[in-house]
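What follows are several structures.
You will see chain A twice below: alongside chain B first, and alongside chain C after that.
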Partner chain A sequence: MADKKTLTFALMDPPYENARSTTALRLINIAAKRGYDINVFAYEGSVFLAFAMQKPHPNAMHGRNVEEENHVLTKELVSSLMQEAMRNGGKIDWVNCGLCVDERGAVEAVEGVRRGSPADFLKMAATSDNTLVIVTRG
Partner chain B sequence: MANYLLIESRDPYGSNDTQFCCDLAKQLAQQGDAVTVFLVQNGVFPARAGARADELSALAKAGIEILADEFSLRERGIPTDRLTAGVKPAPLDVVIDRLADGCKAIWH
Partner chain C sequence: MKALNIIETGYRATLEEQDDPGVWLAYTLKAAGADVDVLLRGNAVNYAVKDQDAGGLQYGAWRQTQPPRLAENIASLTSKGMAVFIVSEDLQERGLGGVPLIESLTPVTRNGIARLLGNYDQVWHW
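Moving on, here comes the complex of A and B:
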């Protein structure tokens, strides 16, 4: 693919807390649909985006069971993004910051996610066509 | 001349630092760089027609392209035909387009 690009995204926000996570996943989805190679460096709370222990739950307040609640799990979104990239000839290299993982006990991640360090982010950025850092709110 | 994409995710009603993005956009444009401001999430609120949006109008008058994420507008019930002058609706794909083109992108 002549116009194949490599993009790197640095994420910081945990799931279920603000719109930045949603926007980040939307951006990655667009790049995956184009078959781009995508690097994701998940820093700080964003290591929980791919946390394998996430579970769907019922919502007693709304009287809905697990199926009716149909709760979105970001671990499933991460997996589906990886599959989408592969279907279109690209790939996602998703790296969770190891120290951030250890601090938070977020060791279990979905398949395809690897452990790394900010040095991986530097390498990703240096070998990408472009990098977007989605900073958490200071 | 460099191409810049400034992504503003905050609105001036809930954040006191959105001036940063406007000031940076103006300074870059003044030195001859091409600048696009992309409004996303609550950043689209000042794009409503009738909202206090002096800065957006000033940016548009300075020739800075201002785009508002269609999804964020839809989520917030802001019709695309009710935007303040100088703001155009756009899909989030524009951000990926610009990244792929090597645009310098800054998220705020």
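Moving on, here comes the complex of A and C:
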């Protein structure tokens, strides 16, 4: 692919808190569909996006059990995005900031997510066509 | 104890949560026996708009099967006996004055909010 890009996304927001994480994953989805090589540096609360211990739950207000509710688990979105990238000839290198993981106890991550440091982010950015930082805002 | 649950920030994480946590909390507390009403203000007044559709979210092969249905969720509050107030000026400013809203809402003007708060022992502003 002549116009194949490499993009880096630096994320900060945890899941289930605002629409930024949803939007970030949508942008990554577009890049994955284009077969781009994608780097994700998950910093601070965003390490919980790929947290393997997430569990679905029923919802009494909706009157639905666990299966019917089919609650969004961001760990499944991360896995789906990785598969989508591979299906289109790209890949996602997802790095969770190790110190952010430790201080939150978010040690378990879905397959394909690796532990790293800001040095990985620097390397990612230096080898990318561009970098998008989606930062937490107050 | 009578409490008013004010919901101001609309669509904060609704796609991931598949509802609004403030609305969900009000519903759950009511089901547990609490005496709670709700006031929609700011961007959250959009929750009352009937014709909204958040469906279609997809990441790779993953598709959301139960998108948030916020108007239905608000309607479920009134069906449980909760009063749901909505700030008229916030609707007007957003061009929602003539848009079909769910029924059973109680409009309140900004000038009427202070009087409304006086009817409650506690006010929880989300």
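Remarks
Criterion: the second predicted complex is superposed on the first by the 137 of 138 C-alpha atoms of A that agree within 3 Å, B and C clash if a C-alpha of one lies under 4 Å from a C-alpha of the other, contacts with A are read in each partner's own complex, and residues count from 1 in each chain.
Note that in this section contacts are C-beta pairs under 8 Å (C-beta built on N, C-alpha and C of every residue); 3 or more make two chains touch, one makes a residue touch a chain.
These numbers were taken from a predicted model, which means no experiment stands behind them.
Applying the stated clash criterion after superposition on chain A shows that chain B and chain C can sit side by side. Remark: in the superposition on chain A the angle formed at chain A by the CA centres of chain B and chain C amounts to 60 degrees, rounded in steps of 10.
Touch criterion met: A:71 reaches chain C, while chain B stays clear of it.
By the touch criterion stated above, A:7 is placed in contact with chain B alone, chain C being left untouched.
Of the two partner chains placed by the overlay, only chain B lies in contact with A:36; chain C stays clear of it. When the two structures are aligned on the shared chain, A:44 is found in touch with neither chain B nor chain C. Contact with chain B, but none with chain C, is seen for A:132 once the two complexes are overlaid on the shared chain.
Annotation for chain A, partner touching more residues between chain B and chain C: C.
Contact with both chain B and chain C is seen for A:26 once the two complexes are overlaid on the shared chain.
Shortest separation of chain B and chain C in the overlay equals 6 Å (C-alpha atoms, whole Å).
Comparing which residues of chain A touch chain B with which touch chain C, the overlap comprises 19, 26. Those residues of chain A lying in contact with chain C across their complex are 15-19, 21-22, 25-26, 29, 32, 59-62, 64, 68-72, 74, 76-77, 80-81, 83-84, 87. On chain A, the positions that touch chain B within their shared complex are 3, 5, 7, 19-20, 23, 26-27, 30-31, 34, 36, 129-130, 132-135, 137. Interface residues of chain C facing chain A in the complex, by the touch rule stated above, are 11-19, 23-24, 27-28, 31, 57-62, 64-66, 69, 73, 76. Contact residues on chain B toward chain A in their complex (touch as defined above): 7, 9-10, 40-42, 71, 92-93, 95-96, 99-100, 102-103, 105, 107-108.
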